[in-house]
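Below, chain A partners chain B and then partners chain C, in two separate complexes.
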Partner chain A sequence: MAYVAARGGEQATRQATLLYHALNGPITAATVRAIEQSLPYLVDRVMGEGSLYAPELTALAIAQAGGDLYEAVLLLRAYRSTQPRLAYAETIAQEQMLTTRRISAAFKDIPGGQMLGPTLDYSHRLLRLDVLDDRGATGATDAAAQSHNSRETGTDAELVQADEPAPATYPPVAAWHRLNGLLDPLPERDPVDPAELPDVTRDPISFPAPRAHRLQSLARADTGGVLSLGYASMRGYGLIHPTVNEVRLGYADVNLRHPITGVVFSAGRVRVSQAEVVNTFAEGQAKLALGFTATLGWNEVKTIAGSMLDLEMDSPDAHPAHTEEFVLYHTEPVEASGFCIHYKLPHYVTFSSSLEALRRVLDEQKAEASEQQGAPS
Partner chain B sequence: MTTHAYPNQARYLSVLNRAPAEAVKQFADALIPELGTITVLQNRTGLVMLPMTETVKGETFYLGEALVAEARVQIGNGSEGYAACLGRDLEQALAIALIDAASAAGLAHERIDAFVAEQSRALDDADRELLRYVEATRVEMETF
Partner chain C sequence: MKLAELAAPRQDYSYGFLDAFAKRELRRRMLKAIAIPGYQVTYASRELPIARGWGTGGLQVTLSLAGPDDVLKVIDQGADDSVNAANLRRFIARMTGVATTTDACRATIIQSRHRVPEERLRERQALVLQVPDPEPLRHVEPNMSRAREMHADADYALMWLSLYEQLVRFKQFIGGASYPVMVHQRYLMSPSPIPRWDTPTLHQAPHLTLLSAGREKRLYAVPPYTDVYPIEFADVHFRVESQADRVCANTGAAHKYMDEVPQPDGTSLFRLSDTGYAEKLIKRLRGETVKIGPTYYDSNGEFYKPGYLKSRDGQDIEL
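For the complex of A and B:
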């Protein structure tokens, strides 16, 4: 396919951009702060797909793009490309994350217990029309949350604290499987140099992909794309019927090494979500198999669907839409959205060439038809 | 002059990075007159890659990158300080690097220790508060 640059229309394109911004209204620092504070799950989703943990800049990207998430992810990725990589953090481990939510659909009595944490899973999905009438303003305050909760459940429920705090950390549920002989033990591995891992931002991905490439790709994949392919597996196109072994939301320390003294310290915490799904009778054998996905920010749908795809991608007879190449190539948000929207840009010469070929064929067909009509029977 | 680690350096930096940036900047401002000539060796934003271990095969992969502000300074006695904190606040990084350099030089030890202890208590309290809310969501499932 050939591309031909088009020229002209500078005034019109400039006006188009101005009109876009005029219709969306002004962007202020207050707007950006409001997005960051009131839409944390949206910010998380864009950070995950942008593969950059920067809540303030992500809120700015969302504001600047008028809420178009693909544009916001592109802005974030573009910003990322302007920044030098300064360091590699120490490796994050699940059992060290400050955990706010950790549930299992496989076992009710998991070590450490089931913590629902912050979730709307058990709430009524009703629009709060009273908010629009200024009769029930809701916000991030405890009082508002209590009020919201009471109205929603029709009870006198209040946001309360337990006397004692929950544990800050928990072991992976998979560790319990391994202790009980349900999963093969983890292989012994030499310590890895974090700077030497395969990196999809620097190396082209090839198939079969190193597991590090696969999981990095899933971590930065399009939520909708991962869900769509994962849902196809859940509905029956997949070869497995998995169970959610663990969903975990928490905060991970970004531990860095002091370049002068070598001391490891935390540069702050990032929100992380991860999921494991488990399949019984994997590959026709009486054994368990696990799928895994994690991402920056709290995004449960993506990690659950991604974990199912991780399992599917290991299946020898996976559906064509669940092979590693298909999944990883088609869930990359910037490449997919960019390729899709490039079709609206001028293709005049290529299309003209296609029309010319079409007209030639039509002329030839017409000539053939005339010849056949004129030919003696 | 070679700069060595000081006791509690990891704790100091970890606490200061999560403490309210304005409070840290004000505290560092007050220290400046005692630090002699300050040379800013580095003050920039950049990325830190975050590796994570998965639970299926125990392999390590890149979860994504985090934006950090970084600073490296030298103070009058030759001690160097360093900081890297999440976000793009270059002044916050500079302030923490100055406190790091002061601590490495043994300057204002009691004041710095008291400030870090105060911030640490506030952060620990916030974590404890959060985890008490989380504990209230502990669920005992029943099966029928």
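For the complex of A and C:
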């Protein structure tokens, strides 16, 4: 198959797509449902980067892309382009979120308590080979199998019901800092109308970026890209080691104001995650500085790395790889991956143009060399 | 009366794929770009179902320009049947219902990656160029914010310096495609990576050229009848790629931009890069009647605006 066929490029591209689908097999509604139900963290990650909260469509995108995440994010973003913005949700404060996990590394205990919630953080990362021959548990309800498995991993056998349900909401850890005068108090009420917020999906970003653009870009950013740049900062090229003040996973109501009655109602809930890091003696002054990142879906790595970068970007002598422009341009997943794969496109016209210039110089150098050789000394 | 009867029939996608707000934004930005020739106008740049960096900037412009009566030509490296051109053409046609063609004279919109057709474009035609890097100052100033300030001040000293450095090191300019040009005596502009052969076609052209970079979120324009000059010194001139001694193996044409096709024995064959033009030449060779427009370069390699190019085939022209 020709790369740029003299004829039949159109047929060739169609056949290449068909071959891909033939190799990867059909997609069914059942596959999509299985992805949505069994891979929630993958779905969350793609929803965050796709900046579209739609678990079913995301599962479809993952299935359609054969699990290629950049392709899946692109599918979602492209679909998102077709959707008008109908309304703006009301602001949700941290203490209003239905919180399933909230921890702080800054203090041993925090008001409301350290709420571990669902996590693999404290598990042994052993492959459960028993699952392969159907001996192990496939769901949390199978208590016998759970206990069989727990003997090997040395954990409690069963998920026990608490005597009292945990509270649904928790105060922000930073509220304590504010009470202690370590952080400036929050404004009395929301200073901006959501409809007035700069929107990175509707305005191009320019630098220095409005804070809204920065937080929106981080929310949509490539998990791997944010981790990589954030890791460089925390590892030694930046703040090195700020402290995680709060990591929070939960559900936020999408509260809308009814256009006629003005009554605020919840149109549904979305899974969100957020992280907040603090640094003491920021910019050489005796004060606390906060870095923050939130995203759709539960994605702790991205929010922690993002909040470190948020803090880092404010520093006056940030490493070149941690300036706002560098971070936000280069962690955009659709742009970065798209540009990278564009190198597969033919470039023979531009290449021939440079080749012509190169040959001209080489010819001249050759001519000069032979002239010098031939010249009488 | 039911609600369903009052509602418009369900459509999965808007006309031209993008929603009306996105198209309105793009049209406004295009008008601004036309009003300030060569100036890079930022725009939001929506994601499309084509990978970023594969022509989404050009695609957004084309989707917002196209109407049902338009006739569209899409080329990549000059070729209508290149993989990506075929894919983009199919998508635009599907979303807008435009007719498609390979004939540059028939098209009302030509979306192109890296080439301008050999036949002269005319008034009421739009050339949409896909741009990977809109910033001509990128090589001397990678920081976009500082580059914008330099444009605002028309401070292009670093570009002149880099031209001079090329002379010092190589005794000639070594710029390949995307050779920087001054537009309307004001803004330095990157003419997308079209080869230098195509750069002069933008000068005082009757057609509109729109250049759009989707990933970098910038678009700019050369309106009809606008001055476009490649940067050069009074005594050292800009040169187009020499096509001397290159004859198209399929059509026998010469003095047009050629693709070099390496052969197993180490030699090269040459073929016209502009496949739409080549198609017409072949038809004529077969004795079919075909309308071929006047070309930018004649069969002796002379550019159609005498005196604009001060060098030819690597040699300065005695004026």
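Throughout what follows, the second predicted complex is superposed on the first by the 346 of 377 C-alpha atoms of A that agree within 3 Å, B and C clash if a C-alpha of one lies under 4 Å from a C-alpha of the other, contacts with A are read in each partner's own complex, and residues count from 1 in each chain.
The criterion applied here is as follows: a contact is a pair of C-beta atoms (placed from the backbone, for glycine too) under 8 Å apart; a residue touches a chain by one contact, two chains touch by 3 or more.
Only a predicted model underlies this, so the values are computations on that prediction, with no experimental measurement involved.
By the touch criterion defined above, A:78 reaches chain C but does not reach chain B. Using the contact criterion defined above for the overlaid structures, shared-chain residue A:268 touches chain B, although it does not reach chain C. Counting residues of chain A touched by each partner, chain B versus chain C, the larger count belongs to B.
Of the two partner chains, neither chain B nor chain C is touched by A:41. Contacts of A:20 after superposition on the shared chain: neither chain B nor chain C is touched.
In the superposition on chain A, A:353 contacts chain C only, with no contact to chain B.
When the two complexes are laid over each other on chain A, chain A has residues 80, 83-85, 201 in contact with both chain B and chain C. Residues 47-48, 51-54, 56-57, 80, 83-94, 98-101, 108, 113-118, 159-168, 172, 174-175, 186-187, 189, 192, 194, 197, 199-201, 211-216, 219-220, 252-254, 256, 258-270, 272, 276, 290-292, 294-296, 310 of chain A are the ones that touch chain B when the two sit in their complex. Residues of chain B touching chain A in their complex: 3-5, 9-10, 12-14, 17-18, 44-68, 70, 72, 80, 82, 84-88, 104, 127-143. For chain C in complex with chain A, the touching residues are 13-14, 17-22, 25, 42-54, 56, 76-79, 81-87, 90, 113-115, 132, 143-145, 148, 170-178, 193, 195-197, 215, 217-218, 241-242, 257, 259-260, 273, 314. Contacts from chain A toward chain C in the complex involve residues 3-10, 12-13, 74-75, 77-78, 80-85, 201-208, 325, 329, 334-335, 337-342, 345-350, 352-358, 360-361, 364.
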